[in-house]
Amino acid sequence: MAPALRVRPARFRDLTLVPVIVLLLVVGAFLDPTFLTAGNLTNVLQQQAAISLLVLAEAMILIAGKFDLSLESTVGTAPAIAVMLIIPVSAGGFGTGLPGTLVIPLALLVGAAIGAINGLLIIRFQLSAFIVTLAMLIVVHGFLQGPTEGKTLFQLPESILYLGSALWLGLPAAVWIAGLLFAAGGFALGYLRGGRALYAIGGNADAARAAGIRVDRVLWAVFILGGTLAALAGILETGRLGAIGNNQGVGWIFMVFAAAVIGGVSMDGGKGTILGALTGVLVIGLVQNILTLIGVSGFWQPVIYGAIILIALMISRIAGGKAQD
Amino acid sequence: GGGHGGTKIGIDHPRADSDFWNSYIKYVPQMADELKIDLMPATNSQNDVAKLVNNVQALIGQGAKVIIMAPQDTGAVANTLQQLENKKVPVVTVDTRPDKGKVYMVVRADNRAYGTKACEFLGEKLGGKGKVVQLQGALSSINGRDRSEAFLTCMKTKFPGITVFSEPTEWEGSKAASMLQTRLEQNPDIKGIYMHAGGVHLAPTLQVLKQKGLLVPAGDPKHIAVVSNDGIPQEYAAIRKGDIDATVSQPADLYAKYALFYAKAAADGKTFKPGPTDHGSTIIKLPNGLEDQLPAPLVTKDNVDDKGLWGNQAG
Amino acid sequence: MNPHVAARNVVKRFGPTTALDRAGIEIAEGETRALVGRNGAGKSTLVSILTGLLRPDQGEVLFSGEPAPPIADRDAWRQRVACVYQHSTIIPALSVAENLFLNRQPGRGGLIRWRALRGSARELLDTYEVDVDAQALAGDLTVEQRQLVEIACALSFGARFIILDEPTARLDGPAIERLFARMRSLREQGVTMLYISHHLDEVYEICQSVTVFRDARHIVTSPVAGLPHDELVAAMTGEATVAYTSRSRTPGGTVVLSGEGLSLAGRYQDVGLTVRSGEVVGLAGSASSGKVGLAETLVGLHKADSGTVTVNGRRLRPGDVPAALRAGLGWVPQDRHREGFVPRLSVGENATFPIARKLGRYGLVSPSRRRAKGEELIESLDIKTEGADQPVGDLSGGNAQKVVFARALVDDPVVLVVINPTAGVDVKAKQALLGAVEDAVERGAGAVVVSDELDDLRICDRVLVMFHGRVVKDVPRGWTDHELVAVMEGMEE
Amino acid sequence: MAPALRVRPARFRDLTLVPVIVLLLVVGAFLDPTFLTAGNLTNVLQQQAAISLLVLAEAMILIAGKFDLSLESTVGTAPAIAVMLIIPVSAGGFGTGLPGTLVIPLALLVGAAIGAINGLLIIRFQLSAFIVTLAMLIVVHGFLQGPTEGKTLFQLPESILYLGSALWLGLPAAVWIAGLLFAAGGFALGYLRGGRALYAIGGNADAARAAGIRVDRVLWAVFILGGTLAALAGILETGRLGAIGNNQGVGWIFMVFAAAVIGGVSMDGGKGTILGALTGVLVIGLVQNILTLIGVSGFWQPVIYGAIILIALMISRIAGGKAQD
């Protein structure tokens, strides 16, 4: 997404995973005839759609030099709270009786509010982002577990199921949504003032401030946007699964970081692109799909999976040429 | 300990993130009232054996004379059981059978029987041939493993014509949906599904089938036979609608009731012998104690409205 | 006899950049050599090679005729050469004492004797008259104090060869004098030194001979006496250059910047100043005079405890840099590494952040317009770079400073506040930067120049001298060095 | 552990959690009479002994400016592999028939080897520490799950059970061991050149290199030491539990980071002390104990728990006075 007409080697760093993706496509096709079918590849995209939104959010937050672990909890909690505000007490709701059409705006609002709380603690109170969002990960998940008392929410308003299950022009709506948001994110970070400000802040927040960027305001915005994207991811996932289980989203954050980092986003801030993050998501999705297709023993699956992440990392290290941080 | 309700009974719940266990947790105080038991505030070990050990220590510290627990990791409680034995604290375990260490009574339905029942149902539905998917729980859990092994063994011996795909879902709906979707893409001729946990697998499975246009009533050639496991109300609703064909009802109410029953008996110094009981189950002898094997009925369209099923009482 | 230190035919490339192209240097035992050259000439790169931090692509380094130790053997290098690097080698989270004795803490078997360490550190700081608490965290020191600590640390090794890479760029007059006194005594003890500076008068004052690098090559080596100022500058720049002469002008009538009744506890008390359009006002003062604190308040970096700042008739919200920039202010911060630039972003982008909103509509920033603006600024400030797309982090210090200047000037500021504008900048660049300030002023801006260097202050129409947090005198144009220094030291009035 | 005779405020930063600990002791005593008994406090210490070794390891790695997520997997895998090398095939072993006395050295060796692999990938191949150790977390856990096929190892050689279950002078041996190692760690990081080198490297690796510190060697050492400590934590945990379950150690790493960071260890390297990390461990242990004792509903426990972490963080922020990183 970096703006360049002249070809500079640095610009290719976003694409270091492309050979890995090609390799996976070839290996996958070789291992299983189903792999390269349109149906299977569509499934891969659909399966990755929700988590990819988290990667998008995390990539932006990382580029701005911050950190958010709590996104994974928002995936379950935001739609669950929205749903409980709508469904009757008998189905596990709060009995507030709000109309079902509000469920998506409500879920997004909850996500934004969680992002805002993170922002408050990290930016205003200047607490460590890692530990704040770690605590928030626990607290936010508690706000799913507490009111549901651990039960799965089965009775959902129709409107929250739509986005995660509909087909638009033959492709799952979730894939369209994720694709559009990635395009928008890539565009914003490459060409918009606010997007470029993320790089400046992540690269050197003092200099960004000195250059007239309203650092705090931009960071607030990126945390709130991150929470909202996580809520949207939760809406898509809810539609895909048809219910909100008590561990929706739990454990995702590791994969989210893995995708962002093998995609070239630096944990130190100021470096990485949305396009790179997207390639990271695709690598993870393809690896999972191939492992499922060839039916590797569940016991050894993690070893192979982790090893592939390491290999992807080495390839992107060699292709990128620079030490990683 | 004393001979009446004054004895303190400590209880640790294994986890709070599955519908089955949540029903169990809800039944516990209800049943304690019925049995007039002085129950201490329950602890929850959140599927972590280290927490379980800490919780049990705390309960003993607070004066518990009998412990009820449901160790999801059946090996790692050995030391704790040893310590409890040394302190002469009887232990009732629910749902799982510790590998080592003395137990007063194991209250448990036979998880191997779940797998076998599901296998027999699916095998007959499919006429002994075709492909089925098994959505496994977590492989590190004894119950998941028992269901899985029993299902596979039964398929191999009784229905060798059936191919089984086993998907390790870690009790996660998201993984279940992705794996089932991928497997159906690869093998569109899959005709049966066994889910280890209706609570987490039911909705994602139905959603995948719906998206693929495979959610059709039994009798339709496109119908995929689905057997679930747990016995939660949503499964019964799905059976009534014809979305799934059967489920194994894991008796959450009986787990709670008999765990407390045996705990009270232990406090009162009663002893039991192997053999049939007065509540339709059998006590068997284990190397390290006794086990009351509670009945776990297979629920199909024929008996789904049976009022005796706990899932029809849960609200 | 073998020279004490020799580097021959050294080649070092960084990607497409050749930092050293068959360059070399030979220094005799006991000699104090100056190394001069424009920003990016390759001086610091040679330093890294002479201290074993970088491996040359080609060429050799010899100490007393012996080949240099292997790169991995740091101890052997440190016995041969000590160095004050251009980039800080202070570890902020450790105390000053520990920084001074890093990896050579007193004690046996790896066990540190802290009391002895603190004692030695205090002794060392006293020897070099560094007024710093040995137990303070190094990260809490001011830039100058850190520099002094680094110098004391390098000198304390007792190595026979010492390199000082621009040690005076951040020091004020008295500190420089103390440093020179120390260097003279080291020379009397026969220590060989390599001294890098952009202050050519220092070269004549302290060095015996001088080596000039230009465009990664060795140009000339000569005794200082054999190379008068003009010729030295010509050797550095490759062309005849005349000394900078400041221009005269008549300030306009409108007040573009004013500060009234400003106080900030511990920094300055009750100071005020007004700057008219077309006027350059200097702020001078010795260490801890509060001049930087005041300037940083004017640009919105600090919130004053009391008082107001007005830019271009608009009263600013205190402590709000973006508001100051919107009001028409441009500024150059004291420490370019901290507030000056984002190292990974390009020259063009760093320079155009303040005008990003003008480079496109609807929040859009057009890359082509940004690049065009960047190229224009590179051209006008003569920045040595591969182009507008090169990351600023890859530039030499002086060129990075020019980028910071570009950022200050890009929005045609009505008020320009520059703090130590020429720190670490070569002669020609210095002229360019001072010229840029004067150009802006001729276009109608008012400027504040905060500096420890008298040369910078010469372009000022008047100089406000601060002492212990108060403005003590308003000195009009026409001062002599001696007069101004006397006021700064508080010796007058 | 900071060396000071003169009292300087900076030195108190290690102790910002002490008021929190005092508060917890008071609140705990008030809420439950069992809490302040010697037996209960001993339990708390014993329960935290194993995880505290991970905190010790992570604190050192963080101070050196690196990162290790894989420690939590080593807790299960290192003792499990050592055990499997010894027990017969019938009990789930490899059948190599090594003598039982070797089990502890073998476990420590496996831990050290895992640390060395991390070092190889991070220091030699210059890959991102975060993502390398994330992948290793998955791979190492796979090496527990694969060979055991998910089963618990409960037939263990006596020698591996001893340390985690013995009592020395009335206190659990594990508590003595953890205490001694913390003292040793605090001493090393305060008074040994090698220990101080961690601060230098974490604070400014280039400067440390320029000062002649063998940065790579020290980092290797700290990763290997970290792996070894994690293996020792695994041995203690094995002794405490009497068996090696398939998810021994799983999920610990979040708590480890939380303890280190609320204890004042910076995620950015170069800052923090072993004493501070210890106070972090104690806070976490006391909070868990109190929540267990008062029997807060399991569903809401995470909310309270996370909230307490946040409060501890704010207190250490206010007491420490500086913005956190």
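The first chain written gets the first letter, and so on, giving A, B, C and D; residue counts start at 1 in each chain.
Note that in this section a residue touches a chain if its C-beta (ideal position, glycine included) is under 8 Å from a C-beta of that chain, and two chains touch if they have at least 3 such contacts.
Since this is a predicted model, take the numbers as computed values, not measurements.
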Next on the checklist: Keeping to the contact definition above, tell me which chains border both chain A and chain B.
Outcome noted: D
Item to check | Pair with more cross-chain C-beta pairs in contact, given A-C and B-D | outcome: B-D
Checklist entry - Where the CA atoms of chain A average out and where those of chain C average out, how many Å apart are those spots? => result 43
Item to check | Separation of chain B from chain D, taking each centre as the mean of its C-alpha atoms, in whole Å | outcome: 34
Checklist entry - Cα centroid separation between chain A and chain D, in whole Å? => result 29
Checklist entry - Measuring from the mean C-alpha position of chain B to the mean C-alpha position of chain C, what distance in angstrom results? => result 72
Item to check | Set of chain A residues in contact with two or more other chains | outcome: 145, 149-150, 299, 301
Checklist entry - Which residues belonging to chain B are in contact with no fewer than two other chains? => result 16, 25, 139
Checklist entry - Do you know which chain C residues sit against two or more other chains? => result none
Item to check | All chain pairs that touch each other | outcome: A-B, A-C, A-D, B-D, C-D
Checklist entry - Of all residues in chain D, which touch chain A in the complex? => result 121, 125-128, 130-132, 134-139, 141-143, 145-146, 148-150, 254, 257-258, 261-262, 266-267, 297-307, 309-310, 313-314, 317, 323-325
Item to check | Contact set on chain B toward chain A in their complex | outcome: 15-19, 21-22, 25-26, 136, 139, 165-168, 171-174, 177-179, 181-183, 185-186, 199-200, 202-204, 206-207, 210-211, 234, 315
Item to check | chain A residues within the chain B interface of the complex | outcome: 32, 34, 37, 39-40, 43, 46-47, 90, 145, 149-152, 154, 165, 237, 239-243, 245-248, 250-251, 288-289, 292-293, 295, 298-299, 301
Item to check | chain D - residues contacting chain C, complex | outcome: 3-6, 8, 10, 191-194, 196-197, 199-200, 202-204, 206-214, 270-271
Checklist entry - What residues of chain C sit close enough to touch chain A in their complex? => result 301, 321-322, 325-326, 331, 333, 338-345, 349-350, 353-354, 356-357, 360, 363-368, 370, 389, 407
